[in-house]
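First chain written, first letter: the chains are A, B, C and D, and each begins at residue 1.
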Amino acid sequence: MSGQTRPVRVLRNLNAKIAAVPMILTTLVVFVGGTIWTVIYSFTNSKLLPKLQWVGTAQYERLWNNDLWNAAIHNLLFFGVMSMVFTIGIGFLLAVLMDQKIRFEDTFRTIMLYPFALSFIVTGLVWQWILDPGMGLQEVVRRMGWESFSFDPLHDPDTVLYGLLIAGLWQGTGFTMCLMLAGLRGIDEDIWKAARVDGIPRWKTYIFVVIPMMRPVFITTLVLVAAGIIKLYDLVVAQTNGNPGNASQMPAMYVYRYMFTAQNLGQGFAASTMMLLSVLIVLIPWAYLEFGGKKRG
Amino acid sequence: MTHSIQVKDLKLDFGSVSVLKNLNLDVAEGEFIVLLGPSGCGKSTLLNCLAGLLDITDGEIWIKNKNVTWSEPSDRGIGMVFQSYALYPQMTVRGNLSFGLKNAKVPKDEIDRRIARASEILQIQPLLDRKPAALSGGQRQRVAIGRALVRDVDVFLFDEPLSNLDAKLRAELRVEIKRLHSRLNNTMIYVTHDQIEALTLADRIAIMRGGIIQQLAAPQEIYNRPVNLFVAGFIGSPAMNFLKGATVDNGRAIQVGDVKLDLAGYDGGQPTDRPQAILGLRPEHLTIQDHAEAGHTIPALVELDEPMGADALVWLQVMGQQVSVRVPFERRPVKGAQVHLKVDISKASIFDATTELRV
Amino acid sequence: MADTVTPRGKRPQSRFTTNNIVLYGILGVMSIYYLLPLYVMVMTSLKDMVEIRVGNIFAPPVEVTFQPWIKAWSQACTGLNCDGLSRGFWNSVMITVPSVIISIIVASVNGYALVNWKFKGSEVFFTILIFGSFIPYQIMLYPIVIILRELGIYGTLSGLILVHTIFGMPILTLLFRNYFSSLPEELFKAARVDGAGFWGIYFQIMLPMSMPIFVVALILQITGIWNDFLFGVVFTKPEIYPMTVQLNNIVNSVQGVKEYNVNMAATMLTGLVPLIVYFVSGKLFVRGIAAGAVKG
Amino acid sequence: MKTFKLAALLATVAVPTASFATDLEVTHWWTSGGEAAAVAELAKAFDASGDKWIDGAIAGGGDTARPVMISRITGGDPMGATQFNHGQQALELVQAGLMLDLTDVAEANKWKEVINPPSLLDSCTVDGKIYCAPLNIHSPEWLWLNNKVYTDLGLPVPANWNEFVASAAQVEAAGKIPLALGRQPWQSNLAFGALTIGVGGLDLWKSINVDKNMDAAGGADMLKVFQAAADARKLAAKSTVQDWNQATNMVITGEAAGQIMGDWAQGEFQVAGKVAGTDYTCLPGMGLNAYISTGGDAFYFPVTGDAEKEAAQKRLAALLVSPAVQVAFNLKKGSLPIRGDIDMSTANDCMKKGLEILASGNIVPAGDQVWSPDVQTQLGDLQGQFWSGDMSAEDAQAAYVEILKSSM
């Protein structure tokens, strides 16, 4: 290329742009295109097949008047907050324990990580079974002599989300622990020396020095965990299927149910749009902080 | 003399931030230019622009009388050495040296010849089959220099090449780079924040601040006649002393506190009267004596001294302002003594306090 | 990279300090929590139905039988097909191998381009991509069906590979981007001065340095794609249904009573590939994550 | 068109024609024991005619299978034939021109004359053309009882729902669950539908569901039905299984005394080797009103654009309605045949009861035929919530009326 004339902007680093084509197409066609398509059809009364018969915001009005949807949103919020707090909390705690120069670190790590290799469907089934009052944990404890022992979280509307949580944490905390452990090991050894010289207790060092330093790790973990929570579907379907009543319904299940079982695409799309909107509300401030503020110099 | 590098009206913006502002630079062939400045001054950015690693916003860059403004880095006839060495960790030293040549499709025997020559110059023959991880810092930087050397180019770009080395190695390699320059005699652009490197290596130093070259001149010129307060304060260690005052008597004298100093012999012509002037005095251009000389001395109170081996730096109080003076160790005055400082006005600089320019 | 994963912290002085008892106590209890389901699965899969009905789920089998495993692998029925999971195993391999390879190649190139070859708007695309990782798959089913139909690859293996590549892209690109941005930028600059282009730098400089993160990506993708049910069942047809579809059919098609032992055996057979991957490469996984995947 | 008609005619007349051998992929969600045995009959008959049945069973019920089917049809990679329930599930696919017109097959085989009740064919008809082959009739309003549970307690086996409720306390006292109920919403909805006909009576059911009389839906008679359901849910409180056949299995094993389930439950009893009348009792219309509603399954044949496939699709359509297949299939499935002109003498007690009611004409359309899937889903959600929670009968009725109104 001649060095004298400024190259056409688009052609500069052409190879890099060609290489980014799959990403650009994916984002534009699938994520942006699919989202816009979904939003457009959420204003129609499409049933089994998408049709452009406008009904204004009727689908949304129906959505927000629907007990099931409201229950699903409520459940997701509750489960999401609990899951986020416990996944990150337990993950961090385990990582701290694993970081104490323990013996058999490899063994412990494998034990904690292997559930992540299993699908949510499997996780849901196994835990449904272990928590089954008739033959699971409750029954076993009763047979050992504690007749009045009662542990049946999945069939009580007030506790079913905790039952899901037990399974969700089982599957996900190992991975979080690995992320956190990686973060802990990325921290400069000098920090520990400095803290010891200053006579700061270890737990204080963790809370006031180490955790702030691990901000990027926490953010990555948060993104991964949050993405998983919003998509939560397989686990619930396999473990409780939304029962008892609506006590463990999730928005993704509502979407799927109305799109395919009820054959009311418009309603499903309206629910999808609300979910996407809530994702945007969370993500836009994050993206702004992440990319908006800093520039390379 | 032919131009080796010409930078014409170079501008670089990152978004709304202007990093380089209308920058011009002419470098003669074989010249050793050091870009010096505090961090964030744009010196490394300028080097990256010369290398073609950053796309500029406006202006032109010419290397060897060729407009290379938009050429690929590898087509500009430059070699570059980085602060972190940037050796490819998975390749041996030989692989590192030959990578660029292979990309340029240089014939095999030519590659071998050039590697042999470069490794002889840099004395790295025994290291050729090692991986970078097995080398010491100094060895790594030699290899990094070798990578520029084998490219057989006219211009070498150094981006703080010695900053990661300890003081002793740094001094050794500094001499080696100087030797290399005198042997190869090609153009070198060298970015550093270390003024010793700048003063020892450069034919000319470009002092930068805020994306602007403040002064481009030979080291002695910069040392003795700094163009403004910033350059004056930045160059020289220990730093230049500044005393607030005013030029009086039609510029024939400078009033500092209640002392008036005669400006006869000032290198810079007759300054006009300025109510706000700053007198710049380097510590080595002051002498301590116990008697006053009207128009040539300032009274001072000795506060403390810093022994520096052969010399000592004496800190004194001059009319409420701090002044340091370099004296031979054995001639340092006692603490608390009332002394007089003799000013060598021919080596002093006077700055306008508002424009900060030397007068 | 190995030096980044050595444990930190004070080494406990003796084996029986209070600290140590608490430390190993907590780890032990947690290990029981993690191991319990696996234990139950294994034990149940080795019992016959009679024993399951009378015994408790935690008791080891009185009489070990491998019949459930055999049934799950080669005899369990879905509708009229009674060849168990075996039918889907090779399909899963055929789906997983190309999907994993292609999705990782695409995502690693993305990450590399995002870090080293920024262009106007590249961060915007990346942000949208991250947004994409939050979209529940169910929502995107319909648009994807339309896209695949328009491309004429609905119901084919290539269609499914494309879907896995698309939905694997957000998280993988994030991982690769984070990793590549943790590599020294000067290496990239040096290679450009040395005349290497986009692909030259990618293959000769970046790839050889990126094994840790490739291991992480490999593990995540093998697990994710192997375990996928939704895309496998919606975007393909019975001849190329993955193993999970058969698993679903076995677990959900109840012939009278639920055959828990067969279900558990089927579950473990299906999970075997990702489980082996984790057991074998768990150490590399942590190392890979430590080597830059989580640095923002 | 003429050549197609000819081909179809030929196909139906000369059944075993190996020269036509074509593979047809058939998707359905029949994967339980009795269901799979029934499907095997279809496959056997189709294979015997020289073609090949490629089985595409998707387990997990219609809710799991239908998205797959619809995606594949709209995605342009359709199967050869697919199951849907009678009613409106496939209506839009037909309207979009994605389904094969079977009118010529129907005419050639005189479907209009043989299919009974005729309402089944009406469900297949869109704009005067026929798009599906009805296969069987399922009536959901049955009460299934385990005789042994009652004889062990020294009680007579209940003859209707009221007696069942009356004896429930004794059953419960014996440590048994009176009523087995799977916890999927459609099962609660089904139980409620059965109670409506059983407790509320057929006229009430018809005025709400056929005449869409909302006053009746919100009226006092309907409230009684809701109260009956509220009582019933107490009887089912300890039943926590998900799938219908797990619930049926509780009745088979004597863990539970009874279950409200469609006639397809019979297939499970049969597979378990139980004999109707001796081991178990079936009460159509809950033993109160001997009416049944005529839901069921039909096969649709997506347009493939392949003449050879199309011919095979039409051969299969004709085959499904043919007398021999009807007998073989329905005996295994436990469902009623869609034609009255065949010999079902080998049917067991329960099925005979159904056949009698069918012959007497005491039939009503099924929920899928009178309400859209959207309404059915919402009703299911409501009943799912009602049966497993503590919602009051009044509140549930109000929500019920609201859902029905919203669809009109």
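Quick notes on this one:
Here is the rule we use: a contact is a pair of C-beta atoms (placed from the backbone, for glycine too) under 8 Å apart; a residue touches a chain by one contact, two chains touch by 3 or more.
All values reported here derive from a predicted model rather than from experimental measurement.
The interface with the greater count of contacting C-beta pairs, when A-C is set against A-D, is A-C. Farthest chain from chain D (centres taken as the mean of C-alpha atoms): B.
Separating the centre of chain A from that of chain C, both taken as means of CA atoms, is a distance of 15 Å.
Note on chain placement: the centre of chain C and the centre of chain D lie 39 Å apart, centres being C-alpha means. Averaging Cα coordinates per chain places chain B and chain C 54 Å apart. Residue numbers of chain B whose C-beta contacts span two or more other chains: 72, 75.
The set of chain D residues that touch two or more partner chains comprises 67, 74.
Looking at chain A, one finds that residues 12, 256, 259 touch two or more other chains.
Applying the touch definition to every pair of chains gives A-B, A-C, A-D, B-C, C-D. Contacts from chain C toward chain A in the complex involve residues 4-12, 23-24, 26-27, 30-31, 33-38, 40-41, 56-58, 106, 109-110, 112-114, 117, 119-120, 122-123, 125-144, 146-147, 165-166, 169, 171, 173-174, 178, 197-199, 223, 227-230, 244, 247-248, 251, 260, 263, 267, 270-271, 274-275, 277-279, 282-283, 285-286, 289-290, 293-296.
For chain D in complex with chain C, the residues that touch the partner chain are 25, 28, 30-33, 36, 39-40, 43, 53-61, 64, 67-68, 71-72, 74-77, 79, 243, 245-246, 249, 252-253, 268, 271-272.
Within the complex formed with chain B, the residues of chain A that make contact are 1-7, 12, 295-297.
Remark: chain A residues 9, 12-13, 15-17, 19-20, 22-24, 26-27, 29-35, 37-38, 50, 94, 97-102, 105-106, 108-123, 125-127, 129-130, 135-136, 139-140, 143, 170, 174, 178-179, 181-187, 189, 192, 215-217, 219-221, 223-224, 226-227, 230-231, 233-234, 251-252, 255-256, 259, 265, 272, 275-276, 279-280, 283, 287, 290-291 touch chain C in the complex. Here chain B touches chain A in the complex through residues 14-15, 17, 19, 40, 45, 55, 66-72, 75-76, going by the rule given at the top.
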